[in-house]
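Accompanying notes for the structure given below.
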Amino acid sequence: MIQNNSTNNGGTAPTDLNVAPLSRRIRPYLIVAPALLITIGILIPFGMAIYFSMTGYTFRNPDPTFLGFKDFAFLKNWIRMFQDAQFWNAVWVTLRYAFWSTIIELLLGLGIAMLLGNTDNRFSRILRVALIFPLMVAPVIGTLIWQLMLRSGVGIIDKFLNTLGIYGMQWGASSKTAMLTVVMIDVWVNCPFVIILVLAGIQSLPKSPFESAKIDGGSAWFNFKTLTLPMLKPTILIALLFRLMAALQEFGIIFALTKGGPGDTLMSLSVTAYTRAFLYQKFSGALPFILVLWFIVNTVAKRIVTAWRKSQYQATGKELEEVAKKEGLIKRLVKGGKAK
Amino acid sequence: MTAQKRLYSILKNAGLAIYAIFALFPLLWMVLLTFKSDAEMLTTTFVFHPTLVNYEEVLLKTDYFRYIKDSIIVAGGAVIISVLAGVPAAYALARYNFKKKEDIAFQILSFKFAPEILVVLPLYMIYDKLGLYDTYFGLIWVYQLISMPLIIWVVRGYFEDISVEIEHAAQVDGYSWWQIFFKILVPLIRPGLVASALLCFIFAWNSFTFPLLLAGIKIEPITVAATKYLAQNTVHYGQMAVAATFSALPSIIFAICIQKHLVRGLSFGAVKG
Amino acid sequence: MKKLFALLLVVTLMATLFVGVGSAEGEFDWKAYAGTKIQVMFNQHNYQKAITDYGKLEAFQELTGIEVEYSVTPEENYFDKLSVALSSKGGDPDIFMTGAYQVWDYASAGYMEPLDEYITDPDYNFADFYPGVAGTLAWDCIPGHAVGSGHQWALPMGYELNDIAYNKKYFDENNIAVPKTTGELLELSKSLKGWHGGENDYGIAVRGTRNWATIHPGYMSLFATWGAKDFEVEDGKLVCKLDSPEAIAMTDYWVKLIVEGSSPQWATFTWYEAGANFGAGVAAILYDATCNAYFQSYPADASAEAGNFGWIPGVVPDDSGLTENDIKSNVWVWSMGMNANSDNKGAAWLFLKYFTGPEFMLFSGTEGACADSPRASVAESEEYKAIVGQQFNYLESLDALLPNATIQFTPQPYFFETTTEWAATLQDLVQAYRDTGSCDTEGAMKALKAKLDIAVEDLVCE
């Protein structure tokens, strides 16, 4: 399609946008500007956070002078953090939590969405709407409900296990099962998000390859592996991006369930930073924890986004070169169109 | 073959049913709790004396509807601002080619991933100075971190999938750019816009840390207020359940109304048939 | 003690009389700050309810012409929110609820207004407060120094001691004697597993989350009774004493008590979960704040077991030679303080004066359901005793504890950090004991001591 058009429009001389009049060159920036300006406010707190992480800023000392060198700590807070065993534990907890919750949500979400996408009866039509309801409950409140369901002697799940002769499950109260419990709640809250993303992806798949595959008579698993999965790759990457980034930072569920306990079992970077900043009120000492988290999140996000853009082009059958051509075409079209 | 097919179908439905129980049972149980009195909360399971006392306590004796109103204003306001500023930005990021385009696009997306705890303390100090603490505008602004990136990225995908010659043809027909945008492009991106707007509404509605620390006297969204019902002099699981159930209702109603868009609309501009 | 009460009662009555005369003459101008607006931050509690939910706030606004804006936040998040607000130094809120431990942090960092000048107001009758209660809110801001001297930083709304509540009905029916020593309490708690006919029923409920709240009620009370200390001042520095033989022995005992006699889900128990388990007849004993069990018992439909409870002051360590009179209790005082950066201190004082004054406190102590009134005039009144005195041995236990009740922690501004890390260590020990049947309490407490010594290293005690 695109290629055809580009030859059709070949009569228009390709002009570089950079030599267009200034007003036209800055137009895209102007259009993006409101959105950028609204969100750019975030950069101010971010800058302040880096600045404060190098001062002695605490609740007891809220006026640190940094450039005046009074409470200049420079890298002291950072060095302390890297020497702190709780920091390395926090990194490990954060990564484990993010890994397990994301992988389970992706696999389960993919599986359920495939089942829903392949079934068309009243049951599945109702489920398509109903299954996303957990997303509507605020995670903090959802956690409180789960905690109550797991409560020994009170909760419905504990009572059910009692009828099977299982007593005294500790769930969040034991370092052996605390991670499992918070991951389970995270899956309950967030798996619906993956399901709707994948369902949307499945619905937008082209029909023809599947029809020809039907004629070829390949097994359902074979079709899934060779057709559906590769074409769903962009969708899966987007789900991965959103879930992994959120899971790396998850705070509400962990804090509402165990406050990071028992011991340091669930003291992730977010929970540690919150505890140190707001409970211990040592703000500047807590900021490096959260900045490290931000660094991890940003680096991983960038890689996934790049992979996603690439997979999107591949899945649409466009090679990168053609994409480049397409973008060249747009330049001409925009220029040509506006010139009239 | 038919036996195998039937078995496959049974397994499929069984798998769905198991997940449905996992996903929906907690919600049903929550609704059940709303009818239980405090005294029976820990001593009964399914058989108990249903009562409306929790509803009375929460809906009639407290400012419950004020909290709901606040939530609607801040979450709704956040979505409207994001749509107004985000859709043009998405268009520009999809259509124009300019320096640092991908960087800007990623930068916007990365705001969604900024740790809330990192943002909230410096932001409190700024808000306090600017008089934005505990205002609708202050919360709507900070919620842009939640809603703007999602809207821009979903809608951008849609714009990218609309072939350029549609616009070109319309231009040839003498439509102005604004006419093209509203009459041709907006209807085409609507599924994505509606779905992402709803999702943003839900995420903004569910936000906890921001409204907890950046508001709370004049303005108090329901997620923060709902935790108040849990424990007073003693624990009130039933009242908390009422507060939680009603707080989820607006989103659930919206979701049912636009269920078709919701699933269709979130394809992030992947492959369209 | 009784004599002191009687004396205070007389003083109070005279003072009340005086107040009556004073206001009749119209000397005090409640309207002095009409038209100003103040902001108040409340922690969600019965004390807050008494102010906001019974029309008293409207009455105050009418009387003074001051407009009051307020927020109510659950305890889980309250202090985080308050700390953020105070540290901006913006002057809001003008008035906030606080506890004594928070004063060590907020006052020494300069966020609280000293109230010494204000409380000399004769109408206010400051002397009516139990000295032991109001004294916990006075401090000289020197880490390691005991409370009771220095500026008065806040004014009490109510206080809580910590004692043992038990299911008296069940104990009576089964001829179970109330425990007197720690050994008896442990054996009894063990034997009560399944006491109410359910597999999940257990002996004793105590708090266990990774939070300072786990340390300060029952644990800290028994810790002090045992003779242990958290910190001591040596050479002008705070030195952690959690590795002392008493601290180790007591913690070792507490770990055993939890694993053998408490809920398997102890590590996620807050005050309300411990209380709810007790009220539902899942736990037979509760070692927590006095009012926690009280709220399960009053009013009569508060819980399934309401009305079946009795109270004792506590237990003493085996073979220690201590008696019931040596039992110590830690104190918690909900109170209100004034923001040092407030722009409306005059109006803010009127708020404090009204809502911690004798007239309002009689209302809150009775109709307002705020048990444990800090004002002698209220606690000794017949109306108060008629309601609270219905509970078996409740007031008697309080009376027995009061002489030895004080804040058992060493005042220092990093209280939250030290007690939260302490709770985390306790959780680790319980986990180890549950998994292996033994735990290295000595090693864990030594490691904790080392950690806490570093946490408080920048404090200077002079």
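So that you can tell them apart, the chains are marked A, B and C in the order they are listed, and the count of residues begins at 1 in each.
Here is the rule we go by: contacts are C-beta pairs under 8 Å (C-beta built on N, C-alpha and C of every residue); 3 or more make two chains touch, one makes a residue touch a chain.
Bear in mind that the values here come from a model prediction, so they are computed numbers and not experimental data.
Each chain's centre was taken as the mean of its CA atoms, and the one lying most distant from subunit B is C. When every pair of chains is scored by its C-beta contact pairs, the maximum goes to A-B.
One finds 15 Å separating the Cα centroids of subunit A and subunit B. Rounded to a whole number, the gap between the C-alpha centres of subunit B and subunit C is 40 angstrom. The distance from the centre of subunit A to the centre of subunit C, each centre being the mean of the chain's C-alpha atoms, comes to 42 Å.
The multi-chain contact residues of subunit B, meaning those touching 2 or more other chains, are 41-42, 120-121, 125, 227, 230. Residue positions of subunit A with contacts to 2 or more other chains are 153-154.
Along subunit C, residues 80, 84, 273, 277, 280, 282 each make contact with two or more other chains. Within the complex, the subunit A residues that touch subunit B are 1-2, 5, 17, 25, 27-29, 31-32, 34-36, 38-39, 41-42, 44-46, 48-49, 52, 108, 111-112, 115-116, 118-119, 123-124, 127-142, 144-146, 148-149, 153-154, 156, 159, 188, 191-193, 196-197, 199-201, 203-207, 231-232, 234-235, 238, 242, 245-246, 249, 251-252, 270, 273-274, 277, 283, 287, 290-291, 293-294, 297-298, 301-302, 305, 309, 312, 315-316, 327, 329-331, 333-334, 337-338, 340.
Put simply, subunit C touches subunit B in their complex at residues 39, 41, 44-46, 49, 69-77, 80-81, 84-85, 88, 90, 92-93, 270, 272-273, 275-277, 279-282, 291, 295-296, 301-304, 306, 369.
On the subunit C side of its complex with subunit A, the touching residues are 79-80, 83-84, 86-87, 89, 105, 108-109, 198-201, 208-211, 263-268, 273, 277, 280, 282, 413-414, 416-417, 420, 423-425, 427-428, 430-431, 434-435. Touching subunit C in their complex are the following residues of subunit A: 59-62, 147, 150-154, 158, 162, 167-176, 257-264, 275, 278-282. Against subunit C, in their complex, subunit B makes its touches with residues 37-43, 120-121, 124-125, 128-129, 133, 212-213, 216-218, 220, 227-228, 230-235.
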